[in-house]
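Both complexes shown next keep subunit A, but they swap its partner, so subunit B is in the first and subunit C is in the second.
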Partner chain A sequence: MIEAQNITKIYGEMEVLHGVDLSVGEGDIMGIIGPSGSGKSTFLRILDLIEPPDSGDLSLFDVNVVKERDRVVEVRRRMGMLFQKPIVFNTSVYENVALGLKYRHVGKNEIDRSVKELLEEVGLARYLHSNARNLSGGEQQRVSLARVLVTDPEILFLDEPTANLDPKSSKTIERLVTRMNRDRGMTVVMNTHDMLQGQRVAQRIGVMIGGDILQVGSPREIFYAPESTKIANFVGVDNIHDGKVLRREHQITAVEVAGTILYVGESPPEQSDRVKVIFRGEDVTLGIGKTAQTSARNILNGTIAEISDIAPFVHIKVDCGFPVSALVTVRSAEEMDLSEGKPAWVSIKASALHLIAESEESEG
Partner chain B sequence: MNEIVQGFIEAIELILSLDPDVIEITVRSLYVSLSATFFASLVALPLGAYIYFNEFRGKRAVINLLQTLYALPTVIVGLAVFLMLSRSGPFGFLGMLFTPQGMIVAQTILIIPLITGLTVSALSGIDREMRYTIISLGSSQLQSIITILREARFAILAAVLLGFGRAIAEVGTVMLIGGNIRGFTRVLTTAIALNTSMGNFSFSIALGIILLGVALVVNVVLNLVQER
Partner chain C sequence: MRTKHRLPDPCLISFSLIGGLIVGLTVLALLNLAVKELSDIPFLISTASDSDVINAIVVTMGAGLNAVLILLIIGTPLAYVLARTDFRGKGVVESLVDIPIMLPHTIAGILVYLLFMRRGLLGAPLYAAGFTFEDAYPGIVIAMLFVSAPYYINSVREGFEKVPVHLENVARTLGATRFQTFMRVVLPLSVRHIFNGSILAWGRAIGEFAAIIMIAYYPFVISTLIYYTFTTSGIKASSAVAFVMILACFAAFIILRLLTRYTGRYDDRV
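On to the complex of A and B.
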């Protein structure tokens, strides 16, 4: 449905996108995550044909829109985009929502029916005749969403649609988008910097950093098996350590990290025996006193070096010869009466550890 | 001091009694300046839209020039139009010198840069995201332009009102082109100038009050428009 190849975009002297590739199938929900300024919004505007790329190829609905510029309006009318900032026109809510249908020369009765139906869906039917400018930010964003959805787009682009919104409006928007995808098979491409939202809504995620999509995969692959430390850092992996592959035995790879052997439940990268061992803080089990009986392959003893609050969790750094970061709930932390300098043990399942080749890291 | 107070009292009497001279001069002033505003808008609004919607070399310079011309001295426009319309000038055959039509032409030329420049500013007030939204909703190029113009309608109306304000308040071009002929080309500003020089203060004050009244109405409407 969407085939983007080698897309570049240059503003003045600055190249914002450096040859981005992305393929999205019909009915997919694709999330694009990445830090601010990584080029996500520019890329979405190019996909929605708001601005052309400087080079590269783009096919939408099997139409090569770079070559067939005269078909841009026709193709654009099969898509819709919701922007980060709620945009409403200085007119009634009804007129706002009707605009896209008027552009498509839809009949008056059909417009009336569709607009009222959509406003009902977004919970704004009572504001039909109010000036849209007088609504709150969240309500304006729901008007914007209704205005897009009323045109029944086959592809919906969302550019950070719930940033700075109240929880109720965010929830309404997420619910509607996932329902439209399920019921109508609408293809969705969503930019977000909210990684939880990315995991919640998207079936596949692309990570865009510095004007490139570095990895595309399932939320699990992106968050638990990132392909580079750059991605690992961005997706909030707490533990990234230099290691050396020692041996591979029965589906398990033994890796030495700062004199300690860690067992990793995956094959070592082929390029090098120098690796980065990564794992998430929430996959680390922390205990005090006698080491618990556990099936985890990696059990390490150490002392608590640092405790910091990152509500609703507490971040504990344990010195096990190398620092291991664990995330525990506030309640668990209180029950264990944790304090800096106290002896503790950590356990990590082999399947929670992931290896990245050093060479990939330097490329990334 | 007495003279001024007396002048005010007589001026109020002139206005309340609907003095025919006062009414005639006021109506002509409104006719000339409203016509000039209408014709200037016919040129300036599309021109402003054209400048805003198109990218061309020297666009910034054109906008700077327009903004400079906001302060175009009225007597210079008057002189230029006078030379054009005088018997020996290129448009002398039209016979428009010392006619209300000539005055309309001069005021039209005077306020075109102001309305054009302010139209460009009004349209520039439409932010980038809104333009993206309009395009994304599937508008054709013409539909985009219409939507943007409609969205900027209040700011554009303010530009037109400011043009009218400049036209009705100026004295330089109407004096040179109209010649301040009684019963034919005399308008509020030229009548005030003449009557003041003749010491006929009450008449001048009456016309001054009306001119201020017109300015006040424009200002009130402008405020209402800008609140939208």
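On to the complex of A and C.
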């Protein structure tokens, strides 16, 4: 459906995209996550044919739009895009939603029917004749979504669609998008910096950092098995430690980290013995007193070095010879009566640990 | 908003006094002329009803209007391209657009004359096709067009730049072509700038003298008539013509400025 190869974009002196590849299949929901300024929006504008790439190849619906420039409008009319900022024209809600159909010279009766149907779906039917500018930000964004969906796009691009929106509007938009995907088989490409949203909505996720898509995979792969520490850092992996592969035994790799042996439930990377061991804070179980009976392979003793509140969780750093970060709920932190300097133990399942070859770091 | 009407700040007060000098100069010049002319009303009336004077005013304003109409058609697309694109050599194009502002107007006149005279590069084929520029109305329009173009283009370009690209992008993502976007989104939001640019260009056009006499001494535009009257009949006669033109211009500009109040909308900015 979407085949982008080696897409570059330069603004003045600055290369914003350096050879981005992405392939999205029909009916997929693809999330693109990445920090602000990483080129996500530019990439989406290129995919929606609002701006041309400076080089690279782009095929949409099997049309090579770089070569066949004269088909750009035809192809663009099979797609739709929702921007981060709610942008409505200074006219009625009805007229706003009708715009796309008017550009396509659709008949009046059909416009009337489609517009009313879509406004019903986004829950704004009662504002039909209100000026769209007088609605709240969230309502304006719902008008914008209705305005796109009324044109029945086969591909829908969403550029941070729910950033700064109230929870209700965010939910409506997410619900509608996933439903359109399910019912109509609409292909969706969504930029977001909200990683939870990425996990909730997307079936596949691409991580864009510094103008490159560094990894594409299932949410699980991205969040639990990132391919580089750069990605690990971005997706919020709390624990990234230097390690050395000691041996491999029965599907388990033994890795030494600061004098402690950690057991990792995956094969070591082939390139080198030097690795990064990474795991997420929410995969760390924290306890005080006698070590609990657990099936976890890695149980470490240490003392609490730091407690910081990141509601709704508490972030605990335990010094086990190397710092281990754990996330616990506020309630359990209170129950355990945690304080800095107190002895504690942590346990991490071997399957929660992931290894990254050290050599890959130099590439990033 | 009371502070808007007062100038309590010593800095603003002194700036106003200094700035008042330039306004004062204009007022003084106008009053000086007005007092002289109004002291001989019958002569003024006879000048104002002189068919040569009326003709010259009509030719001047009409040719200015013609020049603006041409600018609307050929200047608007250029303004949009300059506002929305970045290309190699854009600086050169911008400088070329601005050249008529910097050039002494006699030079502008020579440029226009060489191009549009009967044996000129464009003048010759157009003459063969039946269009004469030398000492003819089209010559006046061309000279006016040349000197007023930058004022129009720069003003309209500024208007286009103020239309948020977001709005254009939304229209295009909804399936509008570039041209549809331009007609339905950009133009309606730039009407006021286009109107102001037209007034500026028109004002510049009707004030032109040097460039016009090079190619079309006849028919008289008002500047030529005043100069002609000055050299043949002296200051009294020419200043009367000047005063009549001033009154005509005042009337025209006041009407146009009033119209701008009701022109265009600005409220679609995001």
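Methods note: the second predicted complex is superposed on the first by the 364 of 364 C-alpha atoms of A that agree within 3 Å, B and C clash if a C-alpha of one lies under 4 Å from a C-alpha of the other, contacts with A are read in each partner's own complex, and residues count from 1 in each chain.
We adopt the following convention: a contact is a pair of C-beta atoms (placed from the backbone, for glycine too) under 8 Å apart; a residue touches a chain by one contact, two chains touch by 3 or more.
As the structure is a computational prediction, the values presented were derived from the model and not from experiment.
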**Asked** subunit B versus subunit C on the shared subunit A, clash or fit?
**Response** clash
**Item:** Which of subunit B and subunit C A:F83 touches, first, second, both or neither
**Value:** both
**Request:** Check whether A:R113 is in contact with subunit B, with subunit C, with both or with neither, and answer first, second, both or neither.
**Result:** neither
**Request:** State whether A:K171 touches subunit B only (first), subunit C only (second), both chains, or neither.
**Result:** neither
**Prompt:** When the two structures are overlaid on chain A, which partner does A:R69 contact: first (subunit B), second (subunit C), both, or neither?
**Reply:** neither
**Message:** Is A:R45 touching anything from subunit B or subunit C once the two structures are fitted on A? First, second, both or neither.
**Reply:** both
**Request:** Give one of first, second, both or neither to describe whether A:R200 is in contact with subunit B, with subunit C, with both, or with none.
**Result:** neither
**Complete:** Superposed model, subunit C vs subunit B, clash-positive stretch out of 7-15, 25-33, 115-123 or 241-249 is 241-249
**Fill in**
subunit B and subunit C footprints on subunit A meet at residues 45, 48, 50, 73, 76-77, 79-81, 83, 85, 87, 89-90, 99-100, 103-104, 144, 147-148, 151
**Item:** Complex contacts: residues of subunit C adjacent to subunit A
**Value:** 86, 166-167, 169-177, 180, 185, 265, 267-268, 270
**Request:** Mind listing the subunit A positions that touch subunit B in their complex?
**Result:** 45, 48, 50, 73, 76-77, 79-81, 83, 85, 87, 89-90, 99-100, 103-104, 144, 147-148, 151
**Message:** Which residues of subunit B touch subunit A once you look at their complex with the stated criterion?
**Reply:** 129-130, 132-133, 135-140, 143, 147, 150-151, 154, 228
**Item:** Partner subunit C, residues of subunit A touching it in the complex
**Value:** 12, 45, 48, 50, 73, 76-77, 79-81, 83, 85, 87, 89-90, 99-100, 103-104, 133, 144, 147-148, 151, 157
